[in-house]
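Pasting the structures here.
Consider the two complexes below, in which subunit A is the common component and subunit B and subunit C are the respective partners.
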Partner chain A sequence: MTSIKPRQLWMATLAKASLEALESRVAMLGELPPYRFLRPPEIGLVMVQGRMDGSGEPFCVGEMTLTRCVVKLEADLDTGLDVDEGGGAIAGFGYVSGRSHRHAELAAICDALLQHPVWYDPVQETVVEFLQTLAQQQKEIQQRQVEATKVNFFTLDRKQ
Partner chain B sequence: MAYVAVKGGETAIQNAETLLKAWRRGDPQVPELTLDQITQQLSLGVNRVMCEGSLYDPELAALAIKQSWGDLVEAIFLLRAYRTTLPRFYNSQPLDTQQMNLQRRISAIFKDVPGGQALGATYDYVHRLLDFKLMAESEAPVALEAEPNRAAMPHVMELLRQEGLIQSVAEKSVEKLARKSAGESAGESAEKFAENAVEAAQESVEKATEKAVKATQGSVERATEDTVKATEDIEETTGETIKDTPEPAVEEADRQPFDLTRQPLSLPAERDARLQNLSRADEGFLLGMAYSTQRGYGNNHPFAGEIRVGQVEVLIAPEELGFEVAIAEISITEVQMVNQFKGNKVQPPQFTQGYGLTLGYNERKAMSMALVDRALQAKELGEAVANPAQDEEFVLSHSDNVEAQGFVQHLKLPHYIDFQAELNLVRQLRQTGREETVDDTVEPTRAETKNGTRNKTMDEARNENEE
Partner chain C sequence: MITQLAGFPDPVHDAQVTFRSLLNALAHPGQVFPISPALEPPPGMTVACAAACLTLMDMDTQVWVQTGGDRAVLDWLRFHTGCRITTQPQGADFALVWDGMQVPDLAGFRWGTDEYPEQSTTLLVQVAGWDQGVEVQLRGAGILEKRAIAPPLSSQFWHHWQQMTPQYPLGVDVFLLAQTTVMGLPRTSVAEVLEMAQGAHI
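So, the complex of A and B:
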């Protein structure tokens, strides 16, 4: 990854979240501004590549399912969002593993709202930060459980 | 003779399917399995199906297991069939396995590895005794926890690599280069190649060799081609050809590795094709092959350098977006095996590697894959290809359980006409044999027939596949 832009971070968070968690947090935002699909959700495949010996040349490992979707916020908002976007309305992209149209749509609309000057704060606070904390907690639990299995083997010296 | 189709049987076939569905469901008094139960509680089965089905989607794999009545090979078939219905959107960026969220990490070669070893969830040191407590329901064991240390966990193999004890990718490809271009024997060094192969333009070739070494991080194949070209054209366009050699970074971005789902396997296969084939290969087949190398059918003396299980981020770089984005974290198993290499005239003794990488937690499979990967490097390392596991045509052509089960199981479809023909043939031969009553002539006739029959069966099967 060249540089971790904030947008890459929130897109990753939205993609990795469970649909249930994402849905319930987005619901807390109340009524969303109108949007339409530039590209309706569609399911396809990603070929996952690995590297030989972990660090060498790439090779194909296997595929995974992916759902993608692009939404566009309708421009008839009275929020002045067109200023930053050079006159065009904001487009939001969703790329999520699995086959959930809804997940891709929610990820896309959140991505669009997060580029919007008025919506950024509520979406970041209510949705993204919550999901990040949740993911961090789950990671932490796994780390703690794995740590309990940390092993120190001793080799026996037969001469003694 | 082509396979002769049969007609009829519609009702029986329909009823057989209905019966299958009923028996698959079992006693209606017993609660039906949910996909969540399968993904959660039969997780290793799900992992195997995703790995060999070559499609990472736990929900679909669980569905396939439920639909296949618990037959994992059938479930793998279902998943493979499903994937053909979907378009390919992207290739991921190569996984960075150094950055895994580890749920298990062990090394059998060093007890003190940076970051330490964690057994994770494993049967390794557990008595293989049936646990009758599991027969009682409502079990909810709680895992113990400890304060995690957050030390970095670099690949164990890096330690050996830093000491120069591992045959590096670069060395391997230089060797390959030398063999390919000059047609010399396996152990020949790159330097010697540079001296001998092109006397007229020694300096330039050395430069090209250097370039090629650098380029190995990108594409060995391209580098080889370019260097060969360079040696051919060298008298005419000495400087220019070398300048034309693309920069490694550009090459890596442009070149996509071999993909079995898009190109038919051709032999000899490069390592990218072999690794993809092995990664989706049947676990049982690989296990048997790996075991054969350990028992002496292959010059393999391996150590488990490192086994890592955990989650790794998958990144894609959609053109329409213009930057990389993570789409998920997937579970993988990575195995790096170290094998001794005695060295030869030009190379000091060192270690070689076998690599195993699977979708999901499939440790036995990933270990087997690493052993077979190493065995298949025989020709590149100048070893004799004398055993099944070293023979890439043998291994790669028979590793896929979807293909294998189809070909084996097609034998149970009606072959009435074909068999009738063979029956007539055998009767006729016996008749001829009886008339001639000379034992000497019977033996070769029978042998011929055997071969003839086998070829015919192959042809016939091929025809069936085409149908």
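So, the complex of A and C:
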């Protein structure tokens, strides 16, 4: 198994990416290895919990729509690299917000390919790194926009 | 480990069709109903039993599984139903029994309470067919007069069943599951073992 951290990172990147960006980058990978659904895309609700100010008692913020999907890579006879160290076939998980079956499916396929020794590099370079840069740029744009409207309350009387 | 097998190909409709068969089976005790989705069951499990599990179990159900089953079954159950596996038959909502000839004592399972008789264990028992067992005559709700059945269950099982049915409304309900068929045995069905009765006359 790959260590938890990098997988968490790429799963988050895939889940938060826009469907259009993800679709176009996956298309650039060319023909994907055969796969089938262990769990076809399905839509459900999850309860989101939060903490006031990040440290208070947990409370339920509300429910959000979520689509999930699990794919399994079919046996790859050419490379024989279709099994992970535990001896099982590679399973990819996709959990994305919203109701897009396709998004969950693409996220799951990418997650499976990223666990595949041969496919890791092309997927990481073509899909994940591009989406990470895209997300970073959007974050910076948003930060700049927010920064421009920032108001400082100099006149507030701050009692210690 | 994550299971290698998919669940229902068409989750909504397969589950509905299976549920209807299970309802019919309990409504007409002793009659055989089909359950045959295009499903690849885990090793040691029949198609009907696998379909019943996918239909009935979810993350709120406690499932007791008889020992002797394949480990892959537990992975498969957890992945597709999210159910909890328990080692206490008394705490189980459902119990999986691999062989009709080796059903544990029914008194070990939960029979419900007088206020909540429905909070009892439902047994899913795998059987090889419908005619290799001792012949038994059923009477009770859903049966016009009486109905003779002979599923491959041990005489020990019928002995336990006869001790349980007078305790109505308490008791357990049983689904007998062959490869692609199901028979229901609700707690209202009173069983009379014919071979035993004949033996008593001699």
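By definition in this document, the second predicted complex is superposed on the first by the 141 of 160 C-alpha atoms of A that agree within 3 Å, B and C clash if a C-alpha of one lies under 4 Å from a C-alpha of the other, contacts with A are read in each partner's own complex, and residues count from 1 in each chain.
Everything that follows uses one rule, which is that a contact is a pair of C-beta atoms (placed from the backbone, for glycine too) under 8 Å apart; a residue touches a chain by one contact, two chains touch by 3 or more.
If you're wondering where the values come from, they're calculated on a predicted model, not measured in any experiment.
Undergrad: What is the contact status of A:M28 with respect to subunit B (first) and subunit C (second): first, second, both, or neither?
TA: Touch status of A:M28: no partner.
Undergrad: Based on the superposed arrangement, let me know which partner A:M47 touches: subunit B (first), subunit C (second), both, or neither?
TA: A:M47: touches subunit B, not subunit C.
Undergrad: For the three-chain arrangement built by superposition, which of subunit B and subunit C touches the greater number of subunit A residues?
TA: Partner touching more subunit A residues in the overlay: B.
Undergrad: Classify the contacts of A:E57 with the two partner chains as first (subunit B alone), second (subunit C alone), both, or neither.
TA: So A:E57 only meets subunit B here.
Undergrad: What is the contact status of A:K139 with respect to subunit B (first) and subunit C (second): first, second, both, or neither?
TA: A:K139: touches subunit B, not subunit C.
Undergrad: For A:K5, using the defined touch cut-off, is the partner it touches subunit B, subunit C, both, or neither? Pick first, second, both or neither.
TA: In the superposition, A:K5 contacts subunit B only.
Undergrad: Regarding the shared-chain residue A:V118, is it in contact with subunit B (first), subunit C (second), both, or neither?
TA: A:V118: touches no partner chain.
Undergrad: Which subunit A residues contact subunit B in one complex and subunit C in the other?
TA: 70
Undergrad: Can you name the residues of subunit A that touch subunit C in the complex?
TA: Going through subunit A, the ones touching subunit C are 36-40, 42, 70, 72, 86, 88-89, 91.
Undergrad: Using the touch rule from the top, collect the residues of subunit A that touch subunit B in their complex.
TA: Residues 1-2, 5, 7-8, 11-12, 15-16, 43-66, 68, 70, 93, 95-99, 139-155.
Undergrad: Considering the complex alone, what residue numbers of subunit C touch subunit A?
TA: Where subunit C meets subunit A, its residues are 1-7, 11, 79-80.
Undergrad: Along subunit B, where are the residues that touch subunit A in the complex?
TA: Its residues touching subunit A are 50-51, 54-57, 59-60, 83, 86-95, 97-98, 101-104, 106, 111, 116-121, 143-149, 155, 157, 169, 216-220, 252, 256-261, 271-273, 275-276, 279-280, 313-316, 318, 320-321, 323-330, 332, 334, 336, 353, 355, 357-359.
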